[in-house]
Every structure is written in structure tokens, then in C-alpha cells.
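Take a look at the structure set out below.
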Amino acid sequence: MSIEVKKPFYLRPPWNILFELHKLEKISPWSINIAYLLMSFLEEMKKMGQIDFRASGVALDSSAFIYLMKTKLLLKLQEPPKPPKVILDYVPPPLIVPLRHELTSTTIRHLLEVLDEVLKNETILINRFEKTSMRPILPDPSVIVPQVEYYLMEIEIQMERLYATLCNMVKGSGIIEFSKLIKGLPRLEAIRTFILLLFLAQREKVGLWQDENSGEIFITIGGLNAEAPRI
Amino acid sequence: MQKPQESESKGEGKEVLREKLKRKLALVEAALYVAGRPLSLSDLCSILKTQSKDKAKKIVEMLAREYANRNTAIEILELKDERYVMQLKSEFAPYVKKLIKRPLLSPGPLKTLSYIAIRQPISQKKVIEVRGRHAYTHIKVLKEMGLITIEKRGRSAMLRTTDYFADYFGLSRDITTMKRELKKILERETSEKSQMEDA
Amino acid sequence: MQKPQESESKGEGKEVLREKLKRKLALVEAALYVAGRPLSLSDLCSILKTQSKDKAKKIVEMLAREYANRNTAIEILELKDERYVMQLKSEFAPYVKKLIKRPLLSPGPLKTLSYIAIRQPISQKKVIEVRGRHAYTHIKVLKEMGLITIEKRGRSAMLRTTDYFADYFGLSRDITTMKRELKKILERETSEKSQMEDA
């Protein structure tokens, strides 16, 4: 075992923000480009040729946290502004309007003169509308705002499903290697499974343990949980 | 003198009746004066707080006769469908025309009104699209002035001009006919304009 | 019978004079009816095609007396600075108010207007502070109706009532005098209201 551990790359700027959340207190979450950080984080990891799931998990958790902070700020912005301070001064009662008949000067001629202008404007508008041919100005809101509630609901179901699979695989209790669990799964699906495992571990349904040398993660299920070292 | 009490009360009754009639005449006069547009017998009934159209009719016709006897610049006329209007006798119009300064509406709302008139029935959404967001205020004003009606249909609102609008501009109250009239006058005006510009 | 021709022409003259007077009365009535605002003696002179303000004054005062004698719903009043106006007697206003199709009449903007009138010249900022943010709309409407002017002074805007406002409410066009008049009217109203509430 080496005593001097080299500081991993992700503890250096700019990624360190994902691992040292206390720093967030000093900066606005809106100045953090999560997409850039995660992409470069993945690239960097790829370059090193070693996938560190613990770091990835923390990065993901931090990203979600920053995202939540951004959302909260957005909601804060939507709060109605405080009503202006009312300065007290004597406000007289409304004046009584004398009722008088008054002929007005607007004739059908005036009406038609302005109508001519409005119709010209209408034509211009229609032409412009046809040119832009229904191209939406903004992307669909679901693209910008992920359906958080839906995702959370879905995650519960997925967790239950994965847990059932795991129990089934070990027939009650036992140990499974992560690599075996994700064998043949596409990369994205493997990551999703890993995240679900993190959730399960957090609820103490499973235990996770990683072998320092091989990097293999062992999943302990059932009665083995209590003894399994936590990650 | 046999029934002094009764006769006295009858005398009082007459006085009261005359005063009541005078007040009713004044109420109808007040209504026609401030409205400045034809009022129906129903309108007059609601002012007189009576349900009898006959009564309202008697009162307004009495007032009209009084105006006719005075023979001055203002007259009260009965129109078709039992509507009544107070107006300036047309022979006086040329002499006092220059005093009429206030437009019915400022140009913005007038534009919105003309657009609604020619495209009605039209959704509020469409009016806003063509006229811009400030047209929300215009629509509110036009509604308040009784020039248009707003009919809610689920989430959308359909706009139409009122009979008052038709009466004011001397157009047919029937929407199809009115639109035809408007288009005809508009075309004539446009062609006159282009002829003048060509000349 | 010594000068039959002369006497005949005198008789004719009287008839003609009476007709002429009647016509002049009708012209003034027509003018006041269509204007719906106070008219000055100069305005009336130009309608009567005379240069004599005395003559115009005699005619309009005769008409005002005639209206007073008829004792109906409409009155002709003399205001300050020799201006005259035809209007509904205020006692009839509550009964026929609903027939008026003009958007000025809601109490909110009227309150803002009376505040501006009594404190003018006043900054828009101050009006908003006292009357609240909805007063922005009131100011816009009042401006559109020509009742107030907005004068930009750097970043701030100063509000004042217009001559049209003074005319409309039958007040002096001189701001100091107007404020005095207003205070009197408003005090009377407030005390009447509190009396009614006490009763």
C-alpha cells in the first residue's frame, strides 16, 4: 500500500466544485456549467483509462444538487415583488362627473381610414407568419425542464425491479459482481443500473464494496448486508 | 262638501299625480339626454322602474310632443322598433359643427374596433395577434363603451360589434349586411384615393 | 293710420324680431347641446355671428331662464369667467348613470384624478406612491382622455390637469383658483357623506 496517494484529477479545478460542495456557498449556481463539467470529467476519466464509479456517483449527486439550487433560484425569481410602500397623503373622494351630452366627431369615414391601415398590417403579418412556417421559436419545454416528478416516480419502480432481480439472482441472499449484473447491457443502461444500486445502498437494501485492485464492485444482498463493508 | 275629507284627499292626489308625472317626464328626458343614442321601451321601463311598456310609451310620447311644441333646436323622435332618440335638428348641424371636437375614440382603440367590425365574429386571440398586446386595453374600453360584446367560449373569447355600434355609424344591425356595407364603402374610398393619386 | 306703411312694417318687424330671437335662442341651445362642455361668450358670438358679447350674454341668459322655468332634468349654468354649460341636474344622475357608455366613470381613476388636481403640479412617482401601482393605468387613461398632461423632466414626469379638465368639471382654468374651488367642493362632499353615514 502506498502512503502517498496522488490527488485525483477531479479534485482540481474546475471539477473540484463537484466534490467540494461547501464552495457553492460563495458562488452562484448559475455560473456553473454542469454539462461542460460532466463531459470533461468523463473525457478526462476516459483518458486515464480507469472508470471510477465512486467519483462518478459523487459528481452526479453534486450535479443534481446544483441543478436543484438553480431550480430553487428560478422559483425564487418568480415570487411576486413586494408591494411598494404606500405613502399616506390625503386622497380626496372621486370627483362627481357632471353628466352632459356631447356629440362626438368620429364618423364612418374615420373608421374606414384606420381600417385600411389595419388590414394592410394584417396582410404583412400573415405573410411573415407564412415565411416562418410555424417554426417554433423555443424548444419544447420538456426539453429544457426535465420532468422531475416523472423521473422520481420512475426511479422507485426501477429500484423495486432491480432489487427483485438481484434477490432472484442470489435466491434470497448472496453476493453478485457488478460486472456480471451489467453484462451485455448498453453503456447508458449500465450507468442507470449503477445509479439505482446507489439508491438501494442508501436505503440499506444492498451493500456495495469495491475491490481496490480489480475495481470490481461486489453487491451484497439479504442477510449479508449487515457485514458488508459500505462504500 | 259632503265628503270633505275624500275630496281633499282627491285634490291632494291630483297634485301628487301631477308631480309624479312631471318627475317621470324628467327621468325620461334625463335618460335620453345622457344616453345620446336611441333607447328602447325596455330601457325606459328600467329607468321609470315600471314593467308596463305602455306606460313608458305614453310618457316618452308626451315628452316628444312637449319638445315639438317648444319648437327649438332639439327634438325627440320615434324610430323603427319603438326606440326613441333625442337629437339635434339636422338644420342646425352646419352652424354648430365646429364645436364638436371630441372623437368617439382615440386612434388606437378605433383601429381595433374597425378590425373587429370587418372580421367579426373574431376571437380575442386573433385580434391581439394582429393588433398587438395593447389591444387588450382597447378591447376592455370598447366593451365598457358598449361598442362590442365578448362571448366566452371555453378558453377563447369571441368578439362582435353591438347594435349601438351599428346605430352610431349608421350601419345595418345585421352583421353580414354590415360587413358588406363596410367593404363596399372601403373599396369605393380606396378606388377614389387611387384615382386621386393617379391624377 | 297716418303712416300706415310704417306701422305695417313695424308690425312685420316685431314678428320678424321674435322669429330672429327664437332662432338665436335655438342656435345657442344647439351649440350648448352638441359641445357638452362650457362655452365662452366668444364661442357663442361666433355661432351667433355677432361681435357683441353683451348680445350673446343676453341670449344665453334668456335661454338659461327658460330652462329654469321649465324645471325639468336639464339645466344651463353660468360658470366662472362667463362660460355657460348645459348639463343634467345632478339629482338625476344616479337614475340614468347606467345608460352612459363612456369609460371615464369608474371611481378609481376619478380618485387619482382628483388627487392630481388638488396636488398639481405633482410627480408621477408621488402619485404612484400614494395611489398604488394600479395608478399607472389610471394615469394612462386620464392622459388618453385629455384630462391631464404629462411633462417629462429628465427621468421624472410632472402631471397637471388640462384646460379640458377644468372645462369638463366646470372649474376655473387658473390652477390656484381651481384648487380652492376643488377643496370647497370636496369638503362639502366629505361632510355630506359623513352626515349621511351618521344619520
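In order of appearance the chains are A, B and C, and numbering begins at 1 in each one.
Criterion: contacts are C-beta pairs under 8 Å (C-beta built on N, C-alpha and C of every residue); 3 or more make two chains touch, one makes a residue touch a chain.
For clarity, every value in this text was computed on a predicted model and none was experimentally measured.
Student: Could you name the chain whose Cα mean is nearest to the mean of all protein Cα atoms here?
Tutor: Minimum centroid-to-centroid distance belongs to B.
Student: Can you name the chain that lies farthest from chain C, using the mean of each chain's Cα atoms as its centre?
Tutor: A
Student: How many angstrom lie between the CA centroids of chain B and chain C, rounded to a whole number?
Tutor: Centres of chain B and chain C (C-alpha means) sit 22 Å apart.
Student: What whole-number Å value describes the gap between the mean CA coordinates of chain A and chain C?
Tutor: Chain A and chain C have C-alpha centres separated by 65 Å.
Student: Please compute the C-alpha centroid of chain A, do the same for chain B, then give the distance between them in whole Å.
Tutor: Centres of chain A and chain B (C-alpha means) sit 60 Å apart.
Student: Mark out which residues of chain A touch at least two other chains, giving numbers and ranges.
Tutor: 99-103 - these are the residues of chain A that touch more than one other chain.
Student: Identify all positions of chain C at which a residue touches two or more other chains, and write them in rising order.
Tutor: Correct list: 33-36, 88, 92, 96-97, 100.
Student: Which stretch or stretches of chain C touch chain A in the complex?
Tutor: Against chain A, chain C makes touches at 33-37, 85-88, 90, 92-93, 96-97, 100, 104-105, 107, 110-111, 113-115, 117-119, 126, 128-133, 168-170, 182, 185-186, 189-190, 193.
Student: Once bound in the complex, which stretches of chain A touch chain C?
Tutor: Answer in residue numbers: 83-89, 91-103.
Student: So in the complex, which bits of chain B are touching chain C?
Tutor: So the residues of chain B in touch with chain C come to 22, 25-27, 29-31, 33-35, 37, 39, 43, 47, 71-74, 88-89, 92, 95-96, 98-100, 102, 106, 141, 144-147, 164.
Student: Where on chain A does chain B make contact in their complex?
Tutor: 99-119, 121-122, 125
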